[in-house]
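Next up is a structure, given as C-alpha cells.
Naming follows writing order (A, B, C, D and E), and every chain is counted from residue 1.
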Amino acid sequence: MSDAILSIENLSKSFEGNQVFNNISFSVEPGELSAIIGPNGAGKTTLFNLITGALVPDEGKIIFEGRNIVGMEPFDIVRLGMARAFQRTNIFPRMTVLENVVVTIITRLKANLSFVKPWTSSSQIRRRAFEILESVGLADKANQQSGILAHGNQKRLDIGVALALEPKLLLLDEPTAGMSPEERWETVELVKELWNRMKITMVYIEHDMDIVFGISQKVRVLCYKTLLAEGPPHEISANQQVIEAYLGEEV
Amino acid sequence: MEHGKCRVLLALVLVLFSATLLVSSNASAADVIKLGFIADVSGIGAPFYKSQKAGLDMFIEEINAAGGVQGKKLELVVRDSQLKPDIGANQARELILSEKCEFLVGPTSSAVALATTKVAKEFKKIIFFHTSNSEALTTTAFQPYMFQVVPNTGIEGRGMAVVLSKKPYKKYCLIGPDYAYGHEQLNSFKSEMAKRRPDVEILDTIWVKLGESNFSTFIPTLMAKKPEAIDAAFWGGQLSAFIKQAKPYGVLKEAPVSSLFDLDMLRATGPDMPEGLTGYARAPFYAIDTPQMKVFVKKYYDKYKEWPADWAIMAYDGMIALTEAMKKANSTESEQVVKVLGGLKFNSLRGERYIRAEDHMANVGIYSGVTAKSPDYKEFLIMKDVQAVPAEEVWLPVAEVQKLQSEQK
Amino acid sequence: MDDMTSSSRAGWISGITVTVVLFVLPVFLGQLGKTGEYWIWVSTEMIIMALFAMSLNLILGFGGMVSFGHAAFFGVGAYTVALLMKKADFPLYLALTAAPLVAAITAAIVGWFCVRLLGLYFSILTLAFGQLLFMIVFQWYTFTGGDDGLHGVPRPEILGPINYYWLCLILFVICFLIIRMIVNSSFGLSIKTIRENMERAKFIGINVRRYQLLNFIIAGAFAGLAGGMLCELNRFAQTEFLHWSKSAEPILASLVGGIYSLAGPAIGSSILIFLKIFLQQVHRSMVEVWAIVLGVLLLVVVLFAPQGLVGLYQNIFKKSQS
Amino acid sequence: MLLEVQGINTYYGLSHILFDVSLQVDRGEVVVLLGRNGAGKTTTMRSIMGLTPPKTGTVLFNGHNVTGLVPFKVSRLGIGFVPEDRRIFPDLTVRANLEVGLRKARDKSTSWTIDRVYELFPRLQELANRRGGNLSGGEQQMLTISRTLMGNPDLILLDEPSEGLAPIIVKVLGEFIDLLKREGTTVLLSEQNVKFSLKHSDRAYIVDNGHIKYHGTIEELEKDEDVKKRYLAV
Amino acid sequence: MTWQLFVFMLINGLCQGMLLFIIASGLSLVFGVLRVINFAHGSLYMIGAFLAYSLSTIFAGESLMGFLILLMVVPPAIAIIGFVLEVSLFRRVYREEHLLQLLLTYALVLILDDLVRVIWGGEPRSVTRPDLLAGSVDIFGMALPSYNVFILVVGPLIAFGLWFLLYRTRTGNIIRAAVSYPDTLGALGVNVSWVMTSTFMLGCWLAGFGGVLTAGLSNIDLGMGMQTIIECFAVVVIGGLGSVGGALLGSLIIGTGLTFFQLPFGRWALVFPYALMALVLVVRPWGFFGKPER
C-alpha cells in the first residue's frame, strides 16, 4: 500500500448531478505498465483529468508518492513528476518540433524566468531535446512546424513532450487513437520500449483489446461508475462480469 | 527578417517618403500669406465653425479683391481638431511647418486653444483667438504671440455676475462643461457674485463632460437642489441640447437659466427657446449700432442669405486687427507684426477697440439682455433690452494679470 | 541549424542598415528647412508609436492575449512624465525612468485581475479597466487637468527636434533589442507556448497565470515608456492617451504589420502613420475620409491577410523560393 | 437504393479519417455500422449529413446528389441525424425541443406528430415542460430520437444510441428500432454494442480505421467467426 | 431626499435604463447566436438616429403620426444594413479567432462613423418631439417629460415583445437552440445561416429603434455610437453575455445608478458603469444571468 506510486482513495465525481464515479479506489505500483479500459463514456478521460488536477473530485483522495494532490494546480502536479499525453493531439502547433520539447525541458529545469539568454544557446538542453526526439523517432523533423506533421507523428511528439518532463508516472490517454494499423503497432512498440528503457510507471487508456491484452501487466476496467475489475490481462479476459458489461456477451 | 525582403521594404518606404517630401515642399508659394485655421468642424462646435468660416472667407475675399496685404493674397488653410487638444496641437505644428502658415487663427474649444498656443509659442507664430476665450490664455498660459479678440471667461463670468446681481435670486445652481472654459467661467462668476452679493448661495456646481448631449441624469439632480436660478456655462450644441431637454422638466420656469445666447445657439434652439431668460452674447449684430456693423450685416446677408452670428463678427474683427497690424508693421511676418499688435487701436465692427499690451486682450465686453420673440426675425428669438457690459468694468486689472503671468512656468 | 544562424546574421545586417539610415535621416531632413523639421517630428512620433505597438504585441502576438486596455499604460506613462516634470520639477531622464515603472505597477494591479480570465472575457476586462483609468484621469480635474490635459511639459534646452529624435531612436533601439531578447529567451518561449495551447502548457508544468501576468507587466512598462516619450514630444499629456480607441491603434498596427513577427507591429505602425500623412498631402480631403481608408485597409487585412504584411511577404517569399 | 455512399474520403483538418468508404442502404432496411471507438462511424454519418463534407466521393440520397450540401438541405431532403452526444438544447423545454425538429412529412404515409411521439414515449409527455438540460441520459436519448422523428425523415442516422444507457433502456431502444422498421422508416445505425446491433439490424458494415472491412447480412456475419474475432473482439 | 424625489429620480433612471436596454439587448442577442461582439452596434444605432433626423425633416416632426412613421421606417432600414453586413462580412469570420472578429467589427466602426460624418456633417442634430410628447407629466409636483414616459412605456413593450418572441414562439426556440448547438439545429433541417442573419437583423432593428428614440430624447452627434457601445458592453457584461434578461437587469442598474450617483458623487458618477463592469468581470465573469463558458 504505502509503496504505491499513486493511490486513489474513495474517489467520487459528478457533473451537474450526473455521477461519473462513485467511490473508486485503486493503487498503481511503481514500475507497472497498465491499462484502463471501459466502454465509451465510462469516465476514463475524466479519471485522468482528476488525477492530473484538471478537475477537482467531489470526494476522495489522490495520493501521489505519499502526498495528497487533491486541489493542487496541474502545473504543480506536473512538477511532482506526473506527466500526461492526450487523446486528442495536444501540442503547440505553430512552434517547431524542437521548440515543443525544449520548452518542456526548460520548464522542468524551472528555467522559464530567464529573460536574457536566447533559449537556443543552451547546448545541454538542445542535446537532451534531441535525445528525446530520437527516442520517439522525430529527430529528423526537429525544425519542422509541429502543427503540420502527420497525425501519427503529432501523437509521438505529444508522448515526447510528456517524456521530456522525465516523469515518474506517465498517463497516456489512448496513445493510438486515430492511427492506421501500422502506426498503431509502431506506437505500441514505442511505448513498450520506452517503458523498458526508462523504467517509468505507465498507465494508459486503450480501446484496442489486442493491444491491451498484448502489453499490459495489469488491466483495470471502469464501468457503471465503478472500478469493475482489476487484474492481469488473462484474468480480465476471463472475467464474466467484464465480458457481459463491456466486451459483449457471446453472440 | 530576411535581408532581401528588408531591402525591398526599405526601398518602398524611401520612394513613398521622398514622394511625400516633394509634394509637401511644393505646397508653398511666395506671394501668398497662409492663414492656418484650426477649427472644431465636428461636434458641438460645428455650427460655430460655419459662421467663423463665413466671416473669415468674407474678409479674405474683400481684402484680396482690394489687392491683398502688401501685394500678397491671403489664403485660408483649414484643419479639423475634432475638439481634441492633441489633434489640434499636431495640426498647429503641421500648419506651421508643413503648410508654412505665417499666422494661425484659433479653434472654438479652449482646451484645444491651450494646446495650440504652446505650439504657436514654440515656433513664434502669431495665433489669434476669436472664439475660444479662456482667460488663462492671457494669464497663466500667456505667451507674446497670442491675441484674444473675444470676451474671455473672466469678462463673461464676472460680467454675468454684474448683470445677475441686480436680480432678486439668492440660490443658484451652476452647471457647465468639465474643462477649462467651464471651470474658469463659473469660478469668475462665483467670485464676482460673492463680492457683489454676499447673500447669494451657490447650492451646487454640476460638471458635465464636454460634448455630452444627454442631460437626463443631470437635470433631476439640478431639480433636487431646488435653485432659484441656474447659471450655465454651456455653449453651442451642448447649450441648445441642455435647454431643449430641460424645458419639459419645467426647470426653466422654476429656475431661469442664464447663459451664452449667441445667434447660432438661438438659431439652433429655434422655437424651443423660452422667453424671458437672461443671457449674454459676444457680438449680437441686432444690438450693436455702429455704421460698420450695418454695412457688414448687409453685405453678409447678401452673400450668405442669413444673419451674421457672433462668431462671424469676431472672426472678421480679428482679421481687421491682424491686417491693420501688418500694414502698420509693413511686414507680413509674425516676428515683425507682433511688435505693433500690443496696444494697437483698430476700428472693429463693434466700434473702436484696442489691444491691451500687457495681456494681448482686446477691450471687448459682453452684451446682456433678455430673450424675446422679435417680429423681425421669425425663426429664432433674440435678446431685447440689450445693455453692454464694457470690458474695462470686468476684466482683470493689469497688476493682477502680471502677477498671474509671472506665476507661469 | 545553419540556416538559423545565417538568417539571424541577415537579420542583424538589415537591422543595422535600417538603424544607420534612421540615424542619419534627420541630417538630410534638416536640410529641407521647415518641411524637414516637420518630418523629423513625424518620424519621432512614428518611432514612439512603433514602440507602443511592439509593446502591445508582446502580449498580443507572442502572448495571444487581446488587450483592449493597453492605452491605459501608455497614458499612465505620459501622465507620469507630465506630472513629475511639471509639478515636481523632475529632470527628463528621471521622469522617463519613472514612466515605465509607474506603468508597470499599474499593469501589475490591472493584470492581476485580468489574467484570471480567458479569451473574450480577458479582452473586455482590459477594456473595462482601461476605461476606468481613463475616467479617473478624466474626472480628477485638479490633479490631471481633466479634459484639458496637462500642457507645457518642460523641454530641456539641448533637446531640439533632432536631438529628441535621436534620443527616441536610441531608446527605441534599446527597447527593440530588449524585446527581441525577451522574445528569444526561455521566458519568451514559455509565453509562446501558452499562446499556442494554454491547457497543455499547464500540463508541462507552466504556471500560466504567473507568466501571463509577468508578460502583461513587461508590456505595460514598455507602453509606459512610449507614453512618456510621446508626452515629452508633444509637451502635453491628454486623456485621449488612455482612451480605448487609442488601445485599438497598436492592435491595428500589429495586425497590419503581422502579429507573429518582431518588427511587424513597428512596420505596421509606421506605415499607418505615414499613409495618413501621405494621403493628406496628396489631397487635403483625404484626411476627412482617413478613418474609411483605415477601416477598408483593416477589412482587407482581416479577410485576406490575417498574418499581416510581414506574414504576406513571408508567404510570397517562401512560395517564390520553392 | 435510398442511400448510396460512393468512395468518400473525409478529413478533419489535415488528418485523413475516412478512406474510400462506400455503403448502401435500401428503403425499409436497418443497416448497422459496427466498429470500435474512433473507427470512423460518426465521421461517416457526419459526411452523409454534410456536417463534415467529404473531400472526394459522392453521397446519393433518393436519387439526389447530396455531397457537400449544407446540413439543413440534406435534412429537408429526408435524412434525420441523431448525434451520439445527443445535443439536447438545454435551455428549451422538452416540448420546445420537439417543436424545433418539426417538419411536414413529404408523403402522408408516415407522419410523426408530437402526440404520436408522446404516445410512443409517455415519459416525454410527463416531462414536457422540463428544461432539456435537466433530463437523465435515457430521457435525453428518447428526446433526441423523437426530435429527429418530428422531421419525418425517410432515413434516420442513429449514432451510437445505446452508449452509456442502462440495459433496460437499451432494450426499449431496441424495440423502438423494430417499430421504426415496421413503420417503414429506414435506419442507418452505428454501434459498438454488437449484441444489440445484430439483434435489430438486417445488414452490417464493419468499419475499422476509416475503412470498410466487411459487409454482409446479419446471418452471414453471425457465421463468420473470423471476422467477429478480428474486428468485434468477440 | 424626500420619497417623492426618490420616486421621481427612480422613474427618470428607469427611463434611461429602458433606452439602454433596447440598444444593449440587440448587442447581447447578436452575441448569443453569432458569438461575435459587434463593436459596430453603436455605429448602427447612430446611423438610426441620423436617419431619423433626416426623415423628420421630411415629415414635419410635430405630429405623432410623423414620429411613429420614423419608428416604423428607420429600424427596418437599419436591419437591411445589418443584412448586407452579415451576408457580406460577418459570415466570413464566424469560425475565425476572436481577435479577427473584433477587428472586423472595429473596421466597420471606423468606416460607418466616418460615413456618417461625410453624409450628415459634423453638426449635432435633434428630432423635434411630436406635440403630444413635448409636454410633461406631473409626478408629485415635479414635471417629468412626456417623452420619458413614452420611453418607459415603449421599453417594456419591446422587452415583452422580445421575451414573447424568444420564449413563446417557434422562431424564438430556434434562436435559443442556435445559441447552444447550431450544427445540430442545421441537421434538424433549420437553415442556421438564415437564423443567424435574421438574428443579426433583429439586433440591428433594435439598434435602429434605440437610435430613433434617442434622436427625440437628446442631441445626436458623431460621438454617440462610441459612447453608447461602451455603455452597452457594461450592460451586457453585468447581465451576462448573450442573455436578454441580463441585458434588462444590467440596463436598469446602470440607468438608475447613473441617475442616483449623480447626486452624491457628482461627476464621479460616470465612473460607476466601468467600475461595476470591472467588478462583475472579476467576481463573476459570466454576469448575473450568463453561464460560465469552458
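One rule holds in what follows: contacts are C-beta pairs under 8 Å (C-beta built on N, C-alpha and C of every residue); 3 or more make two chains touch, one makes a residue touch a chain.
Source: prediction; values computed, not measured.
*Asks:* Could you name all chains that are in contact with chain B and with chain C at the same time?
*Replies:* Under the touch definition, chain B and chain C have E as mutual neighbours.
*Asks:* Which chain is most remote from chain E in terms of Cα centres?
*Replies:* With centres defined by C-alpha atoms, farthest from chain E sits A.
*Asks:* Farthest chain from chain D, going by mean C-alpha coordinates, please.
*Replies:* That would be chain B.
*Asks:* If I rank D-E and A-C by number of C-beta contact pairs, which comes first?
*Replies:* Here the pair linked by more C-beta pairs in contact is A-C.
*Asks:* Hey, how far is the Cα centre of chain A from the one of chain D, in Å?
*Replies:* Chain A and chain D have C-alpha centres separated by 33 Å.
*Asks:* In whole angstrom, how far does the Cα centroid of chain B sit from the Cα centroid of chain E?
*Replies:* 36
*Asks:* Please report how many Å separate the Cα centroid of chain B from that of chain D, as a whole number.
*Replies:* 76
*Asks:* Starting from the mean Cα coordinates of chain A and chain E, work out the distance between those two points in Å.
*Replies:* Distance between chain centres, rounded to whole Å: 50 Å.
*Asks:* Can you list every residue of chain B that touches 2 or more other chains, as numbers and ranges?
*Replies:* Correct list: 80, 178, 207, 209.
*Asks:* Multi-chain contacts in chain C: which residues touch at least two other chains?
*Replies:* 139, 288
*Asks:* For this entry, which pairs of chains touch?
*Replies:* Applying the touch criterion to every chain pair yields A-C, A-D, B-C, B-E, C-E, D-E.
*Asks:* For chain A, which residues are in contact with chain D within the complex?
*Replies:* Residue positions touching the partner: 16, 18, 39-41, 148, 150-151, 174, 177-181, 207-209, 247-251.
*Asks:* Which residues of chain C touch chain E once you look at their complex with the stated criterion?
*Replies:* Spelled out, the residues of chain C in touch with chain E are 60, 66, 68, 113, 116-117, 119-121, 123-125, 127-129, 131-132, 135-136, 139, 244-245, 248, 251-252, 255, 288-292, 294-296, 298-299, 301-303, 306.
*Asks:* So in the complex, which bits of chain A are touching chain C?
*Replies:* Contact set of chain A toward chain C: 52, 54, 73-75, 78-79, 83-84, 86, 90-95, 99, 102-104, 106-108, 111-120, 161, 164-165.
*Asks:* Give the list of chain D residues in touch with chain A in this complex.
*Replies:* 14-17, 36-38, 133, 136-137, 160, 163-164, 192-195, 198, 208-209, 222, 228, 232-234
*Asks:* In the complex formed with chain C, which residues of chain B make contact?
*Replies:* Interface residues on the chain B side: 1-7, 9-10, 13, 16-17, 19-21, 23-25, 27, 79-80, 84-86, 89-90, 93-94, 96-98, 100, 110-111, 114-115, 118, 122, 141, 177-180, 183, 207, 209-210, 408-409.
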